[in-house]
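Each in structure tokens, the structures are laid out below.
Note that chain A is present in both complexes that follow, paired respectively with chain B and with chain C.
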Partner chain A sequence: MANSDQQNRALFLERLARLDGAVQEASGRPDRLTQGAIEFATALRELLGVLGSDFTGRWDALSGLDEGDRDEFRNQLLTDVQDAVADVTMYYLPILLGAQASRVPTEYELVVEDLLSSLCPDWHVIPILWGSDEYSYATRDWDHPVDWYSGNENDQSERPVFREFQLPSIERDSTLLHGVLVGHEIGHALDSFYEVSDGLNVPEARDVFNEAAPEHEAELLHSAYVFSAAAKDWAGEIIADIFSGLIFGPVALFSFREFSERTGPPTVDSLTHPGSDRRYEVICQVLERAGFGAMDAVAEWISDFRSMFPDALDRPIQAEAVDEEGCQMAWDWLKPSIPDHISRCFEVIEDNSLFSAERWPLVEKLSRRLLGGHVIGEVYVGGAFTFVPPPSILNAGWLVKANSLFEFGQLMNLDTSKREDVGHIALTLDGLIAKSLEISFHRRRNPWE
Partner chain B sequence: MFVRRLSVRGLSETRSSDDLPREMRDLSTRQSLGRAAEILALWRSTGAKPEGAATALRSAGTQLAMPTVSGTTAESARPLGSYRPQIQLLAHAQAAFPSEGLNRLREVSDLLDSLARIDPAPSEELDSVIEKLGQLRRVMSGSPSRPVERRSRDRRR
Partner chain C sequence: MGVAIPNRSDIINRLRDEDDEFSISPMPLTRSVGSGTVDLSIGTVFMPAERSAIPSVRIEEKRVVGAGNSIDVPLFAEVRVHPKGTFVMQPRQFILTATFEYLSMPHDLAGLIQSRSTFGRMGIISATAAYVAPGFKGCPTLEVLNAGEVPIELNPYRHICQLVLMSADEPEPKISRYHLSTRPWPARVAADS
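Let's look at the complex of A and B:
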């Protein structure tokens, strides 16, 4: 009979094999997966291979120790690799399983990929779009799983890195709502790439907290963390909003408002996010800088927002379950610098990627085509068809949704005042936009000769 | 100071979208410390420095390096978020070495770095570092009194 050491070893290797089987099965239908997820599955299988060989190599090497040491170190090793497997199951596997076509609008990953490659040249990051059960949008950089396990610094590795874009899978078909994804979340990616918020500095902890060092150094570190955590997270959110407004124009405001109203009151600040009212105001300022103040329809929307939230930037902190004093300090530090952040973001984005007011006439034209029931992925310009960029498609969709949903419903012989009809109308509009994005991507990759 | 009212647990629950999840960061550090401890134990047992020891020890030493808030630093400002990964480690160090967590952490980091460079190693130094790495690892795995207790079963129930 095998001793318990050998049993533990065998049990772990069996678990690893089963996990590998699960990853293989999830990636066995590449036609139902996003491209990012296919690459991610390959990376996960590589990690599982490394985990197995690292475990067996170290386990065998420890046989050279005396019995007491050997058992202790083997136990620790087993704990570590089992926890690594647990982390794979908890954090990596949901991404892979959520990247199935049934949970995510796969055409959006192409939009994200195109935007990242055009806005962030030479950034070798693989985007993965996945649908989560959580009702939230999020993005996060992931080192290659093998580099995470091996503790390799990112810049020392040749392996690709990934960037997940998480969306609520229950909203899979809400194409216009995903303007939040391509706007704000890509804004986070741009912030990472251009290091806008990472390049900011906070005052030295000892100056902020007026505490003598070095006796209280550990406490100072703790204090510095709280202040810098709120300041960094809020700066990151504001900068992502600025990028979103710069690249997507009014969509940034509309899609964010629709999403944020579903998730909580707009005038409450959390430790990770400033209140939505503050963020609406920042996006309004960006739109004005991009020339939308002169566009009647958009100027009216901006004015409506300001009348609803007149003191968005100046109101005191209303923090939910966090320390208000600390958040107020962070906001007082961040608020005066917002105009500079807007300027900085304008500087790093090429002019031809900015969604400025000059593009609005095309948006209005596209919205009229939508109202005629047409897809708008390509337009006839100068004697040839050419693709329509995703920001223009999304803005046209939102223009119809905000101003002409009733008219769009009439086209379908449906009535926006009826609950059962309005969902159907919105879904149809979302479907037209999704198809338009797909056509736009296809035409961009395959221009007419 | 407002921060005194916040617990370490409360802090850990904040999430920045760009941050590695806490468990994953901890595990990466713990793995690195584990490899270093294994290497030191093999070194102690055989008397010969194992292959790859310098890289592994240096890597573990880097994982434990902490920024200096006070004292000699000349800068008047610090990049945003530069404390975030270290604060988790600081909390673990304070639990592992209650009276002088931060200083002990820096001491272990320095020792790992110097062990990476020397050969042969003084045996008492190896004993001391192995013991301290063990203390830290036990805290990081959530079971300071029982080294082999599984941390993740409860966490993921």
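Let's look at the complex of A and C:
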């Protein structure tokens, strides 16, 4: 009969084998994985190999110790590797399982890849788009799994880092909605790369509350905690919104509004995000700085937003189930610095990546092409066909969706006032935009003769 | 009026004219345009026919026999391949896919889509000569069969078929249910309930 020592070893190795099987199964059809996921699967298998050999090597090396020490060190070893295995199970595998081409809009993987390589040169990052069952968009950096396990600092490693972009898989075909993904979530990636919010000096909670009367110290402790958490997170969200507006223009506002209003009222602040109305206003300010105030159509939208949310920046905190005092102090700290953050983000973005008002005439032309039932991935300029940048494609799509969906529906003899038709109309428009993004990418990689 | 086949330079000139309703996007390279023909490629979505427990399809009645109460009966799976990926077609496998190119047909041209001979000789056949009507806009669905004896790898953006153009005269084209589609569509059948 095996002793507990051997049992522990066998149980761990069995767990490792199961994980390896799960990764193999998920990656067994590389033709159906996203490109980022193929590389992520390879990295995970490398990690599992390292974990297995590290574990057995260290385990065997302990066999020479006396029984007491050996058991203690082996228990410690098991704890170490089990933590690593738990992280792989909880964080890495869901990404891999969700990164199937059938769960994500693969056209966007190409867009994200191109944007990151042009906006963040020298960043050896591999984006992974994955579809989750959760209805949210999110992004996060992951060190290469082997570097993460071995504790290597990323800047000492030759291995790439991964950046996951999570999106709701039920929205796979909602191409225009994913403007949120390419805008705001790439904004987070830029913030991470250029360390904009990391460079902010968020005051220590104790400094903010040190004027409080000692007798109220206990009740302010919670507010102090909320202040620290909210100030940092909100700054990151606002900066991601600023980048989104700078790179994508008005689409940042529209896609964000469509998404945020599906998930809750816009005037409620949470611990992690300031209210959407505040964020609309920040994007409006960015658009004005980029010259869109002089574009009639966009200026009208900005004006509409402001009439809907007239006190977006000045209203008191409305937080659900969160300490309002701490949130209010966080907003009071963040609000005056927003113009500086906009300036800082402007400095970071190269002029040729800025979606300024000068691009709007092309957007209007493209929207007319869409209304004629054409795709808009390339344009004929100067005697040659050349690709249309994704931000222009997305803005043209939103322009049609916002102003001319009825007219677009008529192309198919369908009526936007009928429930059974409107879904098909919107899906068809999304399809044209997805096809345009695909053609744009193709043309960029394969210049016309 | 007899059927006329447009010549190569006419096709190229019309495709380059932004004001002409006739367009193919992405714009084909000059070498992909022949006399009355334009090479077309496949996209990234493949729909292999599902071999399931469904007893049979009654085409005349557009319904599936013995499929219970479900309204839409999936007779095809959907596989989305990465642009750099591969779809392997097994011998005798039948799939639906769509052209990568988005076509915009004017009122005075119609087209038929046929296999390219290189693929045909390997057993990959565009099973029916798909008709592209005047006024159609979209990525036509292709019915593709591997009639050969060995699995064949299909890569997105590979020229697999060609559009054969002919003159037409249809001032008021009928709008089909697949108008503006950018992906393959199976025939619609309903379950018997």
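One rule holds in what follows: the second predicted complex is superposed on the first by the 427 of 449 C-alpha atoms of A that agree within 3 Å, B and C clash if a C-alpha of one lies under 4 Å from a C-alpha of the other, contacts with A are read in each partner's own complex, and residues count from 1 in each chain.
Quick note on the criterion: a contact is a pair of C-beta atoms (placed from the backbone, for glycine too) under 8 Å apart; a residue touches a chain by one contact, two chains touch by 3 or more.
Computed from a prediction, not measured in an experiment: that's the story for all the values here.
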item	value
Which of chain B and chain C A:P168 touches, first, second, both or neither	neither
Partner chain(s) touched by A:T79 [first = chain B, second = chain C, both, neither]	first
Which superposed partner A:D198 touches (first chain B, second chain C, both, neither)	first
First, second, both or neither for A:R32, with chain B first and chain C second	second
Touching partner for A:P391 - first (chain B), second (chain C), both, neither	neither
Partner chain in contact with A:G377 - chain B first, chain C second, else both or neither	second
Residues of chain A touched, compared between chain B and chain C (which is higher)	B
Partner chain in contact with A:L432 - chain B first, chain C second, else both or neither	second
Intersection of the chain A residues that touch chain B with those that touch chain C	none
Touching residues (chain side chain C, partner chain A) in the complex	16, 18, 23, 25-27, 29-30, 43-44, 78-88, 100, 102, 104, 137, 139, 157, 175, 179-183
Chain A residues touching chain B - in the complex, by the definition given at the top	58, 61-62, 64-66, 69, 72-73, 75-77, 79-80, 82-84, 86-87, 90-91, 138-142, 148-149, 151, 188, 192, 197-207, 209, 211, 213-214, 217-229, 231-233, 235-236, 271-272, 323, 325-326, 329
Contact set on chain A toward chain C in their complex	30-35, 101-102, 106, 109-110, 373-375, 377-378, 380, 385, 411-413, 428, 431-432, 434-435, 438-439, 441-443, 446, 448-449
Complex interface listing, chain B residues touching chain A	1-6, 11, 14-21, 23-24, 27-32, 34-35, 37-38, 41-42, 45-46, 50, 59, 63, 66-71, 73, 75-84, 86-87, 90, 94, 101-102, 137, 141, 147-148, 150-152, 156
